[in-house]
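Each of the two complexes below includes subunit A, the first together with subunit B, the second together with subunit C.
Let's turn to the complex of A and B:
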């Protein structure tokens, strides 16, 4: 495993996009962890005398609020810093939830085949046939709005990707002779599925996990924008966008900055995901 | 000689069912009978698609036979509990690149059969694994390496070590050397012969390489399209083959020292018919130089003739 990570990093270093992605992810991770230390203000503290102040470097800005304030006079920089905590943990939670359920279902479908496989695959078809954000809205509408329910909804929407990838890989691996050998010395089906086969399916799983991270952040932010995700006063980028929407002309920084944050973090995970795909799967590498 | 393995009229049919198509039956094995004595090597030869590998799968319970029964150490296959079964019969696979899990270390590959089937402590297992690695000619420091660090020969030694960990009585060798270089083949074959004496093993040696089979086997079983066509001692079959298929098979093998390779007359014309559409009579009749009208009408039974079993009307 150590060697595997070493090789992986060696391949990744050749890919500039992936390295940029990793650097941005690390920076946002550090910001999220040290938020209580580096944030200049309490993100939920309302200052009634400094509403919608522009950033300090533009005319009319205040030195106290580097990136300005929102409609309730809360410091935008602090809110963005705390927002990174929410977005990263949301992404992580979505990936963990969908990865575990998706992998479990995919391994079972691919290994057993037959009726079990058909029912699981039709279920994933059902989820995939609806636009993912629409389906997530339906789930949140049933469960009720809130950040936890939004995470659950977005995870459910992400499961089919994992199921399909793992199933395809397991169907290839289960016909290899090392699986017959394991059967011959009496390994249980559980052991064959999760100890013999699954470690050989890791490459596409890692790629999908890093891409799932950005999808998760984006979808939860979208639910937040629609008022179905994080609720006020929690500082979440999607919710901040929707709060700022009415001031898009008079105070454009309020809507621009959280949007930029989402863009940069999602982009960095996508860059990392593409880099990992190139590094792990030589067949997909570009020919040039 | 007491028989370790007895195979009685085993059939294996793979039904092929496709929507909107006529259901078909693929007869992979038809009426297979043979025995394997203790310490004996039975060579199984035949061209690809004749059912050799299906036979190996049926004998290791990876597939169950459609009919017929198999007795290992006088106990019928369905009566075995899995642990006993796996510690009596094991298999060495053809492709040493596919038969070892690329994500497992050599030590774990060899140790897992013990971990699953015995209650031995990790310390005992360690001792047994290192002893076995030494026995098959792998150095101790290889234990923590992954399969891709090994050469083909070393991998096959690993596969042999894994198969022997549970001390089986019968070892099925499914073309164990065909993926190896010729120089390595001899080493592995000699290792197999030494191990046979040391662990008193019975081998079922599946191969299409006739010289290897001749070197290692006591008796030979020749298969053609899922049927036994000739079955007897090695010397009888190699020196005096009676079934036309065996004759052609032996003649077509390249030999050192002969200028001409097989001429047209020595090679059976055409290809083997598909196992899906077997001829009514003898399966070899369409290619047989000695066929008569009778051959196309009925299937020749396996009869005791000329000190061996042979399935041919005209032998």
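Let's turn to the complex of A and C:
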């Protein structure tokens, strides 16, 4: 495993896009962790004397509020900084939830085959037949709006990707000799599935996890924008955009900045995902 | 034939599943659905029972499902609580708007994306290739609800070239014929009275939302075309064609592109679903009176029958399109027939 990660990083270092992605992800991670220290103001502090102030470098701006304020006089920079906490944890939660569930279902489907496989695949077909946001909307409509429900909804939508990837990989792996050897030694099915086979399915899983991060962040932000995700006063970038819509003519900075943050973070995970795929692909071919 | 009938048989459990999801959706809402629908306050007992009966909630769950399936087969997918119109008639009224938006977005993305992908593949590793692929990765990562707002900010607020919302200026009253304004405004009856002005107005209203909606498909198509072309260009028959001394143009456009198109067509069809997702967001931003805006509004208004019926129709459409694509793909690709 250690060697695997070492080789992987060596391959990644050659890919400029992936390195840019990693650097941006690290920076946003640092921003998110140190948010209470670096944010100049309390992100939810309403300030009735400084409503919709432009950024400090444009006319009319105040030097107290570097990126200006929103419609309630809250400091935009601080809200954006705290927003990175929300977005990164949302991405992480979505990936963890969908990865664990999807991997579990995928391993079982690929290993046992038959009726179990058919039922699981039908279920994923069903989820995939609905557009992701639409399905998430249905779930949120049932559970009610809120950031946790949005995360649950987006995770459910992301499960089929993992199921399919893992299932295909397990179906190849289960016919290999090391699996027969493990069987001869009397290993339980559980052991064969999760301790023998699963570690050999890591490569596509890592790629999908990285892409799942960006999908998760994007979809939860979209739900926030539609008013179905994070609720006020939480500093979530999608929700901030939705609040800013009515002020697009008078206070454009309220619109441009949160969206730019979403774009940059999503882009960095996509860059990393692409790089990982390129790095892991030749290895995959060699293995087979 | 065997393949097609198998595909059609596979359809049954999926459609049944969607129906089940829609059926249980309204019943899984925490608390009493009837109270949810008419509001906690002012729920007088008679109205309560009436509502319960009209939703069929006074019967057992299996009976309810039988009734639900029966009513779907008879064409009744519910009635809006807000407007009291049937969900189907509300859908039909708004579908052309979404169809027009989606078609223009997707066609635009195809017309631009395929040549871009081909060009990037031919000039592999050139500056243009890197530039195009970087731009398309940005496009692919774009939160379109933000992109739409940025387009409004640039073209409507700053430059004042395009309108901010709606499908056409209010002064024009276009009789609906197809429901697609770009076509309806060109009918002789309209052109003879108003000239081409209504058409321009419809086009101006359409251009921004279609751009916003078409961005992600454009990025996907360009990337897909590039990788598909690169793969094909490495095939033996291309080397043979080169060895035979064929012109470069002929090799690229006749030999390579035709084979590269198969995965591209599949991608196009799969984009259909993402167009609907995009429409939900785009229509909300541009106040485009289509099914996306309709669904979002019904969620805010808690108009559950509309959400239930709307989701049912949309997912049926998507599933049926995907099956059609599978069949076309099968007919196009001789390799699949064995």
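Simple rule for what comes next: the second predicted complex is superposed on the first by the 282 of 288 C-alpha atoms of A that agree within 3 Å, B and C clash if a C-alpha of one lies under 4 Å from a C-alpha of the other, contacts with A are read in each partner's own complex, and residues count from 1 in each chain.
One rule holds in what follows: contacts are C-beta pairs under 8 Å (C-beta built on N, C-alpha and C of every residue); 3 or more make two chains touch, one makes a residue touch a chain.
Given the structure is predicted, the values throughout are model-derived calculations rather than measurements.
With both complexes brought onto subunit A, simultaneous placement of subunit B and subunit C is permitted, the two fitting side by side without a clash. When the shared chain is aligned, no partner comes close enough to touch A:64: not subunit B, not subunit C. By the touch criterion defined above, A:122 lies against subunit C but remains apart from subunit B after alignment on the C-alpha atoms of chain A. Ranking subunit B and subunit C by residues of subunit A touched puts C first. By the touch criterion defined above, A:196 lies against subunit B but remains apart from subunit C after alignment on the C-alpha atoms of chain A.
Once the two complexes are laid over each other on the shared chain, residue contacts for A:7 go to neither subunit B nor subunit C. Look at A:185: by the touch rule set out above, it reaches subunit B but stays clear of subunit C. In the superposed model, A:177 lies in contact with subunit B only, and not with subunit C. For the combined model, the angle formed at the CA centre of subunit A by lines to the CA centres of subunit B and subunit C equals 100 degrees after rounding to the nearest 10.
Of the two partner chains placed around the shared chain by superposition, subunit C is the only one that A:226 touches, whereas subunit B remains out of contact. Superposition on the common chain places the nearest Cα atoms of subunit B and subunit C 9 Å from each other. Remark: subunit B residues 60, 62, 82-83, 85-86, 90-91, 93-95, 98-104, 112-113, 116-117, 159, 162, 165-166 touch subunit A in the complex. Those residues of subunit A that touch subunit B in the complex are listed here as 176-178, 180-187, 191, 196, 199-200.
Per the touch definition, subunit C reaches subunit A in the complex via residues 13-14, 17-18, 21, 25, 28-30, 137-138, 140-143, 145-147, 149-150, 152-153, 157, 273-274, 276-277, 280-281, 284-285, 295-296, 299-300, 304, 307, 311, 314-315, 318-319, 322. Subunit A meets subunit C in the complex at residues 17, 122-123, 125-126, 129-134, 137-138, 140-144, 214, 218, 221-222, 225-228, 238, 241, 245, 248-249, 252, 255-256, 258-260, 262-263, 266-267, 270-271, 274.
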